[in-house]
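For reference, the structure is listed below as structure tokens.
Chain lettering (A, B, C and D) follows the sequence in which the chains are written, and residue indices restart at 1 in each chain.
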Amino acid sequence: MITASKAKTDSKDRIFFFLSGILLLSIILYSYWISPLVTVAILTSSLRQSTPLALGALCGLICERSGVMNIGIEGQMLLAAFFGFLVNVWTGSLLLGVISGIAAGMLAGIIFALMTVSMKMDQIICGTIVNLLAAGLTGYFYPTGINATGKLKAYSFPFLSELPLVGPVLFRVSPIVFSTIILVFLVHFLLFFTQWGLRTRAVGEYPRAADTMGINANIVRFYNIIIGGFFAGLAGAFLSLEAVGVFERGMTNGRGFIALAVMIFGKWTPIGAWGAALLFGLALAVQTQLQFDQVLSIPHQFTGMLPYLITIIVLAIFIKRNRPPGSLGVPYEKK
Amino acid sequence: ENHAGCGEKTKFCIGLVTDVGVIDDKSFNQSSWEGVQQAKAELGAAIKYIETRDAKDYEQNIELFAENNYNVIVTVGFALGEATIRAAKKYQKIHFIGIDQFQGKPVKNLVGLVFREDIAGFKAGALAAMLSKTNIIAAVLATDMVPPVAAFNRGYEAGSRYINPDIKIISTFHPGGLDISFTDPEWGASTAGQAIDQGADVIFSAGGLTGNGGLIETATHKGKYCIGVDTDQWDTVPAARACLVSCAMKRISPSVIKLIKLAYKNQFPEGNYYGEVSLSSFHDFEGKIPQRIKNRLLEIDNNIQSGKIKIPDYE
Amino acid sequence: MDDITVLKLKGISKTFHGVRANSDVDFTLKKGEIHALLGENGAGKSTLMNIISGLLQPDKGEIFIHGKRQKIQNPRRAIQLGIGMIHQHFMIVPGFTSLENIILGSEPIKGVTIDFQQARRQIAILSDDCGLSIDPDAVTEDLPVGIQQRVEIFKALYRNAGILILDEPTAVLIPQETDTLFKILRKLVKKNISIIFITHKLQEVMQIADSISVMQQGVIKGVFSPEETDEQALAELMIGREVLLKNDYLPARPGKIVFEVKKLTVMNSRGYEAVSDVSFRVREREIVGIAGVQGNGQAELSESIAGLRKIKSGEITLSGRRMPALNPRKMIENGLAHIPEDRLKHGLVLPFSIADNQILCTYYRRPYVHFFGRNPKAILKNSRKLINRFHIKARGPEEAVQNLSGGNQQKVIISREFSRDSSFLIANQPTRGLDVGSVEYVHKQLIMLRDKGLGVLLISSELDEILSLSDTILVIYRGRVCSIVRKEDATMESIGRIMVRGFE
Amino acid sequence: MIATIRSFIIPVGSVIFASLIGGIVLFLSGSDPIEAYAALLKGAFGSMTSITRTLVKATPLMMNGLAVAFAFKAGLFNIGTQGQFIFGAFAASVAGFFIQGVPPVFHIFLALIAGGIAGGVYGAFQGALKAYSGAHEVITGIMCNYIAINITDYLVNHPFRDTSPGNIVARTPLILETSYLPDIEGIPGGFLISLLSAVLVWWVLKHMVLGFEINTVGAGPDAARYSGMRVQRILLITMLISGTLAGLGGALEIQGVEHRFQPGFHTGLGFEGITIALLGRVHPFGIIPASVLIGAMKAGANMMQFSAGVESEIIDIIQALLLFFVTAEVFFKKMIPGMRWQKGEKLSLRAGWGGKV
């Protein structure tokens, strides 16, 4: 009954995913056997680089599952990264930094919700507005000559981190990377097993039907956008407070948009999106490794294309049409 | 408007045009500007800068100063090379300083302030090779399309090999286009992380914000060293102090001041002016670095001066 | 039955920018009665019901429930007041299972998760004492409409509604399904549930209703009991003129074959065989009717004929020429006219003007294009002509079809398809949801075309429509043609039986 | 009548409101709005050269805006204009320095065509992916942008690098004078061509059969199939044309301004295309003023920083506000009494995501 409610995955896809999963796993195990250090390095890096994408995708997914198309994630991330960093500098507390980063993400969400849900403005336009606004504000008010006070560091779980392979990869990680993994599964659970999830999906598919059952589609959309903002905010905080440690103008560098790609790739399901994000992160890490090892002496521009090419190929050849939520992009007006 | 009255005997005006990017890039825009600011302090000059947003605006931004009869115009970055030459030919009376702009055929009121990044890189490489215990060192680089970065890298590899011919150098360029390769700290950081995780213990991180990301990341790993570029990033990137042994510096500010003063005294040179390059002081690591390494670096320095060491030059 | 009033409306009025949908409507519903509401398309029935169920707010007027004045701000309130509505266009979330659809909005909770077990139990109990069964885990979009409707009824019962509103429930049902529905309704009435029943089918009204209200242009024309009136009277009251209900048209004089399918096999979207080697032929001046319960392959059949769906095997011949698959344009140019089942999705481009919709299949031909491109003059001229000829109610050729009532939307399609000179017509559910006036109109048009010399393939789940119009009747069951009968020797009962089980 | 008034009130009102709020931001951040805006205007329209500069900056914006808008009409969200623009620019510059000894006018057109084709083919590639494999155009678009940048970066760094002595930078040689776009009466030729393209786009969409087909596919893909249109092919053609517009934009940029392909000269142009398309309410004749407006802001930004010392990012903020007011009719509805909005007049696209073909 759960699968039924998800965007349809036809059996061919499932087989493909299953087989490629097996294949990938065996490759990883093999390379771990050959050179454990490098393998761990690659996997750690993949997980790390997939984090902002996965979080961004969660934001997009929660909005879109309730029928709101959010292309403003990039901007939400940027704002979050900015405020998170500022607060961290002012208070000297990374925790406060992260919290206010999240708050900023949600605040941007509220603005977006006011425009899309309350004012029924076109959702693509609202997303673009958020992006412009974020770029403008963070650039215009960019504080010169203030300096970071460190960043979130990796934490090793006792015992667990000693396990081979999974230990260093999964249990010697920095907080946001780790919590992302948990959040992915949490959101998946919430989306498919709880009242909130059922209503969210109903509103996304057919808001009128939800409305006749006494569910106020617009309210659902409103708070879902804000919840989405939480994840975009966390992604931003990750960039400025965990990954880098400082804020720089435009430091999101299009990750918000790749997150959208990842979300669609994952067929609007959290775990699917996470898988897509991991694949993307893996491709990024692998291309770096190819440069490290100089195994093949081709210009780095080509190895650099790897992640993008893989995405297109997988999408074009293996995955059939992705079906978005039915009411996506349409402001809901009562009759 | 403080540029009123520029051009009169009594007033000495200096303008600076950045490359696409921001003045406080903790890198060469910033250190060029610091040079100009010092000139203000010493010569009481009126100073002003314009950040370029769009490569199409180089010409216009330079002209904004020229039209207001500034005495010296500093243009930062090789990308402004052509625009600067054209401006110099058009405004004969104004002195132009083109940073990182190698002059093919000299123009009399324009000097290209250039640096031997390969030498700085060589020293950095030597230092890295001597510091490394794992015999794996890494370089995190913005792009190979920008001559200075490429030169840094060439020197770095040569220098480390000079110390230890079979050292493993794992180096990467940013996979994206030139437009983001200098402004992607996240990539710099995660790449540095990936290098460290596979045993690299010295990271040479070169290229604007991307490089800074690499430095800061390295600082979060115990017992690893990182080497910065361009300025003494001890001051510009404090977050990296935990690992920052030294920086392959291009002494931009002092050279800028020197050239401005020459302009002030009307002894402005033409063609190319080679600015000084060197390793910055070791700061907190002063005590930790054994004397023999320091001696070795001095010896290398002399050998380069005397030409005993040849660095493979531009391809 | 005792005469307690459960619902009372006083002077309800509602206008949509200019359009008077309801004006000063009084309405009374008694406990345990089935109250039929009649009216032509756009009379204001759905609007009135939407007001009762809290989807719309009246401009003025009062609503009393069990004698207490109530303000129904939103559907949630209506549900609390025990009002359940089954909408004309089902309010079912496509991807959801029956269970999910039923509990949506009133989910039983255990801890943080939905208590699906609990929900199942409740549904089981419901199906026992109402004697209707459904598969809770079936994905609703894959279910036949009859069952989807049952899910809708469950939704209401699950929220134990005391007042049940059904807006044109039988529009999409075949006689057998209708009978089951009526049985269900009677059971519900016994449980003291009061029912408002909207329909365009008069004989149903006579059959089931305890009282009848007739609506015309937003006002109630009168309230009757079945005993004191008859179909003809009602029809005239709602349309405002005389209507032929039972029409006995002149028999056909079939000519040569215009259309033929041989051993046609077609897959449905989920890759199962939906049409299995079907063969039949249609002659000039003949209407071939395809009877069948919805979802027995009619959709796939008509789509494949129209060139919209891949065919696995078999061949299609139109006016003597063998037709390539998947080429609608070629079919059209060879004389196909097509009234699609899903008028809003396939038949019309809703945001477009009436004029543009009327040339949707000929936009690239003269006179609609000239040297410089499209020729607006010709397009508008054509539209004005058709609007008059087919009596389409609209402000003018430029009005967007999304603003038209369903009846008029259908007329736009008919005007387009009938005005093309074609030799063969597929009419798929051509009268669904239309009022008696429009139905009569469409039927006349079909006969007229037939007599003009077209071959017509009429697909309909309205058995009486099939019987009164077709000259030959095919019954389709599970994608196979199970029987071919001439009009003369076809009876409602026999056909109905074949429709539901594939044999006499 | 009312309609025409309204169609002026909204944009003008938006500009006023946006600059007001922008002014407040300036004021709060301690700079003088009047001075800043004065400088902005001076930089944008102060002199003939500054006007020219404004138009020069408007040109690529207009072309990208048109490209995005055109795809929107078929329900496609062409987020890949940047890549198409880059390929167009590169192809034009190659044609610019490779082809020798052809008469000027001819050479100009050869280069333009090269650019158009390059962009068009790349667009069509993404269109084909969408139409025939269902790969989502938003994903492929984003990915193709990165790929285009990498490929051209490689090409200018190696095979097509300018080998003239003294050059140490990754860039192509200068294109020949014969392929330079001339100014006509001080108006850049590129701008004139982009105006022409706008008119063409309008004509195609409003008056040509293809335009009707594209609009139909956008408004009702199923009805389009039913009526015998080859939806997939139309999607492909739409992306071909959209890409051609973007590619042409690139060519204009090279032949009119840059005169050689240099990596990174295009930063962000693609996404600005989206802004312009939306600001122009996805109508060719809305896109013209929109791009001139934004062009003016970009042209004035430097002057604003130079003489008013205002960070140029302020114009991003103003752009966002503009976009907001243009879209949020509600304001004007509330403010101007007796202004009733008909159904369908509200600007909405809901293009893109609809994964179905």
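Some notes on this structure:
Here, a residue touches a chain if its C-beta (ideal position, glycine included) is under 8 Å from a C-beta of that chain, and two chains touch if they have at least 3 such contacts.
Since we're looking at a predicted model, the values are computed, not measured.
Of all chain pairs in this entry, the one linked by the most C-beta contacts is A-D. Mean C-alpha position of chain A lies 29 Å from that of chain D. Put simply, the C-alpha centre of chain A and that of chain B have 36 angstrom between them.
Computed from the mean C-alpha positions, the centre of chain C lies at a distance of 46 Å from the centre of chain D.
Of all residues in chain D, those touching 2 or more other chains are 146, 150, 153, 157, listed in ascending order.
Along chain A, residues 142, 254, 301, 304-305 each make contact with two or more other chains.
Touching of two or more other chains is recorded for no residue of chain C. All chain pairs in contact, by the document's touch criterion: A-B, A-C, A-D, B-D, C-D. Chain A contributes residues 1, 4-8, 193-195, 198-199, 201-202, 205-206, 208-216, 326, 334-335 to its touches with chain C in the complex.
Per the touch definition, chain D reaches chain A in the complex via residues 25, 29, 77, 79, 129, 133-136, 138-140, 142-144, 146-147, 150-151, 153-154, 157-158, 271, 274-275, 278, 311, 313-320, 323-324, 327-328, 330, 346-357.
In the complex of the two chains, the chain B residues touching chain A come out as 22-24, 138, 144, 170-176, 180, 183-191, 193-195, 197-199, 209, 212-213, 216-217, 220, 237-239.
By the touch rule above, chain C contacts chain A in their complex via residues 50, 53, 55-56, 74-76, 78-79, 85, 87, 91-97, 99-101, 103-107, 109, 112-114, 116, 137, 139, 155.
On the side of chain C, the complex with chain D involves touching residues 306-308, 327-332, 338, 340, 342, 345-352, 356, 360-361, 363-364, 369, 372-374, 400, 403.
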